[in-house]
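So that you can tell them apart, the chains are marked A, B, C, D and E in the order they are listed, and the count of residues begins at 1 in each.
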Amino acid sequence: MSPTLYDYVNQFEAHQKAVAMLNEFFGTDVTGYVTFLVFLVGALIVVGVMATIGGLGTYAERKISADIQMRQGPNRVGPFGILQFLADGVKMILKEDIYPAQADRLLFNLAPMLAIVGVLATLAVVPFSSGLTLANLNVGVFFLVGISSLVGVAVFLGGYSANSKWSMLGGMRGASQIISYEVPITITTLTIVLLSGGLSFGAFVETQGGLPHQWYIFHNPFTFIGFFVFFIGMLAETNRAPFDLPEAESELVSGYHTEYTGMRFGLFALAEYIEIFVLCGVAVAAFLGGYKVPFDLGSGVIFVEKLGLPAIIGKNIGQVLQLGSFVTKTLALYYVVIWVRWTYPRIRVDQVMTICWKYLTPLALFNLVGVTVWMYLTHNQSIWELFSHLFAAAGSGGGH
Amino acid sequence: MFQDILFICSAILVIAGTLGVVFSKNLMRACTLLLGTLFGVAGLYAVLGADFLAASQLVIYAGGVIILMLFAVMLTGGSADKANKFGIEKIMGMGSVKTYVIAGLTVLVFSLTIMKLLASFLKGYQKLDELPAFTSTVDKIGTMLVTDHVLAFEISSILLLGALVGAAVIARPRRG
Amino acid sequence: MDYTISTVAPIVLLPFFAFAINAFIVKKFTKVAVFLSCAAILGSFFFASRIFFDFLNVFATDYYIHKTFTWFDLSYGEFPFKLDMGIYIDNMTATMLFMVTGVASLIHIFSTYYMKEDARYGRFFVYVSLFTSAMLALVLSENLISVFIFWELMGFCSYSLIGFYYEKEGAGNASMKAFMTTRVGDVFFLFGILAIWSVVGSVSFVDIYAALANGAFDGQYALGISLATVAGLGIFMGTIGKSAQFPLQVWLPDAMFGPTPCSALIHAATMVAAGVYLSLRCYPLMEAGGLTYFIACIGGITAFGAATIALVQTDIKAVLAYSTISQLGYMVLGVGVGSYNAAFMHLITHAVFKACLFLSAGSVIHSLHDHHTHAHVQEMPRMGGLRKKMPFTFLAMLFCTLAIAGIPFFSGFVSKDRILGDALVAATHDAKYWIPSVLGFAGAFLTAFYMFRMMFLTFFGEPRDKDLYEHTHKEKLSWNRNVPLLILSVFTLGVFFSGSLTGQGLIKVADKKYEWFQTLIEKPHIENFTNRSKQAFGFTTEKSTETFEASHYDANHGLSEEEAHHVHHIHHIGALVSIVIAFSGVFIAAMMYFWRSWNPGFWVSTFSRWYRALQNKYYMDDLYIKGIIQKGLIPFNNLLAFIDMGLYDRYAIDGWEKVNRALFTVAKWVDNLIVDTAMVDGTGASVRFFNVILRTLQSGKIQFYFIMIFLVLAGYIWTLNI
Amino acid sequence: MASYTLDVYMPVVILMAIGVLLVLVSVFLAQIIRPFKPSALKEQAYECGEDPVGTAWANFNVRFYVVSLIFIVFDVEGALMFPVASIFRRFVEIGEGGVLLGSLLIFIAVLVFGIVYCWSKGDLDWVRSFQLSQEQINELKGVEDKA
Amino acid sequence: MQDHVEDNGANMISLPSYLFLSFIMFIAGLVVMVARKNIIAILLGVELILNSAALNFAAYTRFINQNLEGNIMSLFIIVIAAAEAAVGLAIVIRFFQLKESVHIDDATQLQA
């Protein structure tokens, strides 16, 4: 897996030729600028798609909830109301921007920015496919944990700066909930780090396989529990129901963004939806095989050998398959997240803390110890490999 | 090229954040600006090739310490009176001209001292002709943590345990 | 297999960590603590068996692993003062590790049954874990200093375990006695180590062997005695103390005050074995010191004497305790007559069957619960007929009794017979060896007799205490009670140790690999040690450069054809004699206690003086207390007290007082005038003066302190010459 | 080990810049087209229609601090464990896993001890301060009895 | 992949520039510690000083000897800074509960 998107693009002869031509044309070394351009285009595409997905997320949320509650949902704007999110966006932009009189203006403006920056920066390491990963950092998951904690600061500052009691309550709750649930998430991620032997998402995904039994979720019983710990932690981390205490509309009006209006509110919402997608993506990359496609179709070699396609096309078909695999799994998880929201009632604030500290964290620690001991005893084998060795041994009459 | 940009951005963040911390009159803003400094330092670590250090700077400082500070500011920010029960004005808490003058004098003395140290060091400093390429430091740090520095590694867990227990005992909510 | 920290250290560290953790959690989480201890010892058994099977795979007599790291190095110039620590594993160590961890695991498991209702259930496991860990560390040690450290650690643990029921009358004294008696031997042991250090400059076994091969001990005399003799004697005194040899055997019978599983662990399988193990390790030294006859005599006397005392004991554990002393006597006899291999084999076989015997005795004792006194019954006169109540325990105990009595096909026969055979060989070479060997044969006869006496009294006949018998529950099979007994009793069969069941080819089943014990365990060939290499002990998997060829069983043991024939001949005679002796012992026991044809009372009344002497253990405890302590030590103590109080105190100290008084008058004058007036008052005034300045400094204002700190730091830096 | 250039951080920086620009552009661009008619009533903080009383920046419950305290300890320990965890697989493969297993387990054990301590002292209970300890209950009962 | 980073001429990424930045941070931390009267603000200053030290260690690792010992040192500085912040802020909060003040001049006595 190439370290960055640019390295992937650079493999192709056409690109190399183009760079060489440009060098000749400008008379200087333009590689740096080309790199920048490639990354800029890649980043813009990713952000654009993410913004669309975030917008569609609001639409999907309403449509699915309507489905679950046997209602119609949005159906006026566009076919099946699919353009509803655009209408919402236009509304956001046109709304008046109000600053509360007592607010700390600087922090009030800074909070949404921190949220959106924190979320967008995480997109850099999300492995959409082996080629389309903006940067496969060596410390990928660790970086993600660090940079996404900006969201916690943003929630806190958002709640604080408005100088409203509802906001303040929501902000405090939100921040303490986000940091609390970061603990089980981090520890569960640690188990995957143990298994994959690297912090980068590349290492996560490349040590798994395309078929479900090669995924880390089914690697051993501990990771199976770990996935659910991660998933629950993820719901709380993104303030999703049943953990939407910080913005509990029936208690706190609207939580930390009570006083936010217009586009700033929209940015908070956008950050939240993108964060859900990113965390679903992380869950997929860590537990569900990431972008891996079964039977090694993702590398594209098979198209070249069997169908006689040119190498470049085979490779890109593989990339598309990988992208499809990743996005499908992520969206499926996204669907589950929405489904959960409309199925479970909100829990109390003391229960939030109890679940985190008395259930998830001990469970995550147990998983960590379990995976460590498991790896030590079985020499990194998954439960299926163990079984297959067992059967092989039985078949060969108890030999080695 | 890019590393220069990264360095400059980080340096600007660091200096701006630092000056903000020094001169901000609002403690909450000072904390937020400290976040900027810490991000800048993380960027500087990244330019130094210490990728793990940069990430742990983000995780520990941005995620942990700053939130802790914000909470602490929140928990002590209350009481609407202008002065506390000792009659000291709260606004003084962020410093007055007098304190800044004293600080300026102290700093003058000490910065001269540091410059003396640095001057003698930089005089003998041989610039390396070429620096090694960046490689991942995670594995090396991990190996060092369990071999040469295993005692520090284990003791740091004891240190953190002590910090946790001590701080929990001190800060535990009490009745009355 | 690689011998690195992660493959070797867990053997010792797992039980040690179990101890370290349990010491803190045992009160609140007793079950967890017990589980941890058992898991730790099983883990250490796993690692030990890896080593053991690796050694069996290589199957070479000379195969060894020697890895060290420097503990401290205080060498200065040409004075070497450097101590290495590390591991030395050869075939003997590997076998020993396997035996100790295996037996200890089974004892741990049995203890979960035996100690279950005990008030200090958990604490028992804390001690036992530490104890096992110390024993394993001792076995792995590569030098005498670390042997000594763990030796003392084991002494401490046995002290705690013997005094485990400290509320019981006598337990405290017994533990103290064990501790002090072994200490006597340990002092000499330390002298021995010092003697070695003075000659070799190192205490590593390998260096000692090399020094012996190079003749470093030649011509080294102290007070006209060869230093090799001094060293060997010192180390053998350690063995005498630890392995309860005559005349320091008195502590071991009292050690039965501890819980029965701990008796099994300490006083059968591991701790007492440590003494013999040490003398085997230092065998070349003792040979060089010319101590073999002395050792053989000590062994013979112990073997016979303890056996005679065992004849009259009525406490089931006391019989076993004396039989332990007696069997240890055989091992020492084996060392003395040069039967290195057989002595070690007897150590292993004895550990297995004696552990099983103690555990079975524990099983019996635990079942016999006197509901009047609410105590467990240990007295054999109150037992009888228990075979029907506890058939499985009976079977296990029967196997072990057959083994210890030296009945063919059982392990005890294989090993003991070979020791006796070698003693006979030694006697034919040198007539003075007749004494220990005859004592040995007599002891063998007595062993068969008293062990079967114990069996008959316990399990056969009519129950003599009907009430007790009725209240005893019928034995139910349970995993933690019967499985350890079963496993141990299976291993009392001779085939596990020797292919030829007598060890010398009387009945030959197979050879080569089946004779692994005889092939692998050999006297250290000291001439091979002059150029052996050691490796650093660490994470690296640096391979040894030496290669080892698999050894083959040599029925002649390197002797010439003629000599071998002679030896075989004598061994055959010895084997026949011991079979006859064993069966006659069993027969007499049966006549007396099974068929009741002969009345034991007749013998008691005929030899009543002897009987009383035996009951009082040859009056040795009395001798020590009345004779040595009261007549020797206490008068000596009084003499010292007189010197201290009458002479030193009265004249030196009181006289000095007079001088002082005279000086005092002078000093008082000086003090009043100069010190008090000028200096003290002056100090006060100056303090008051500086006080004013310092008070302003210590304002309590933290930032002022910051500034001060930084300024002082700055000042310091400015003074630096950089 | 593969070396890398600092270009890997370029997407991170670009994305952060995009984030900042997105906020600035969307807020300030919108300023052109959206209405802007501030009034005192609009700028009032929302308090369910009542006039706001005092400031919201008042004292908060110290439980929030204790939670963040436990969090930071876990955070730091996690940060220390990440590099060790990432080499565990390789150490197991060369057969030296035991050492790492040991040091990791000790590390985790100390961590667990911390959480157990906080648990047993009730720092993890959100409603702790509303519950009286048995001593306090007895105390109150004693007062009642005297009365 | 390049084998080394080329040092092209007047490179601003050099040891002196790092030393300059950490110097700025250190001095700023010192100013904050001395000038501010709010205990939490003083703790912010302490964080700045610790950061400058950690940055120095990392810079020396890169430019002087490359053996990563400095990185380990920085890592432990960060760890200790976190522990320090936790305990320090706990003390501040306790102090505030007792005296309703975070002003450092109220903390002149060791006893409550």
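Rule of thumb we're sticking to: contacts are C-beta pairs under 8 Å (C-beta built on N, C-alpha and C of every residue); 3 or more make two chains touch, one makes a residue touch a chain.
What you are looking at is a predicted structure, and each value in this text was computed from that prediction instead of being measured.
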| item | value |
| --- | --- |
| Partner chains shared by chain A and chain D (touch criterion as defined above) | B |
| Chain nearest the global centroid, as defined over all protein CA atoms shown | D |
| Chain whose Cα centroid lies at the greatest distance from that of chain A | C |
| Most distant chain from chain B by Cα centroid | C |
| Gap in Å, rounded to a whole number, between the CA centres of chain B and chain A | 29 |
| Distance from the mean Cα position of chain E to that of chain B, given in whole angstrom | 4 |
| Distance between the centres, which are taken as Cα means, of chain D and chain B, whole angstrom | 18 |
| Between chain E and chain A, distance of the C-alpha-averaged centres to the nearest whole Å | 32 |
| Multi-partner residues of chain A (each touching 2 or more other chains) | 35-36, 137-138, 142-143, 160, 172, 175-176, 179, 182, 198-199 |
| Multi-chain contact sites of chain D, meaning residues that touch two or more partners | 2-5, 7, 9-10, 55, 57, 60, 62, 64-65, 68-73, 75-76, 78-80, 82-83, 85-87, 90, 97-99, 111 |
| Per-residue overlap in chain E, given as positions that touch at least 2 other chains | 1-3, 30, 34, 37, 75, 78-79, 82-83, 85-86, 89-90, 93, 97, 105 |
| Touch relationships between chains, expressed as pairs | A-B, A-D, B-C, B-D, B-E, C-D, C-E, D-E |
| For the chain B and chain C complex, residues of the former touching the latter | 99, 102, 106, 109-110, 112-113, 116-117, 120, 147 |
| For the chain A and chain B complex, residues of the former touching the latter | 32, 35-36, 104, 106-107, 110, 137-139, 142-143, 145-147, 149-150, 152-153, 156-157, 160, 172, 175-176, 179, 182, 198-199 |
| Interface residues, chain B side, partner chain D - complex | 2-3, 5-6, 9, 46-47, 52, 56, 59-60, 63-65, 67-68, 71-72, 74-80, 133-136, 138-139, 141-143, 145-146, 150, 153-154, 156-158, 160-161, 163-165, 167-168, 171-173, 175 |
| Chain E-touching residues of chain B, taken from the complex the two chains share | 3-4, 7-8, 11, 14-15, 18-19, 21-22, 27, 30-31, 34, 37-38, 41, 44-45, 47-50, 52-53, 56-57, 60-61, 64-65, 68-69, 72-73, 75-76, 79, 84-86, 88, 90, 92-96, 99-100, 102-104, 106-107, 110-111, 114, 118, 122, 125, 127-134, 137, 140-141, 144-145, 149, 152, 156, 159-160, 162-164, 166-168, 170-171, 174 |
| Chain C residues touching chain B - in the complex, by the definition given at the top | 539, 703, 707, 710-711, 713-714, 717-718, 722 |
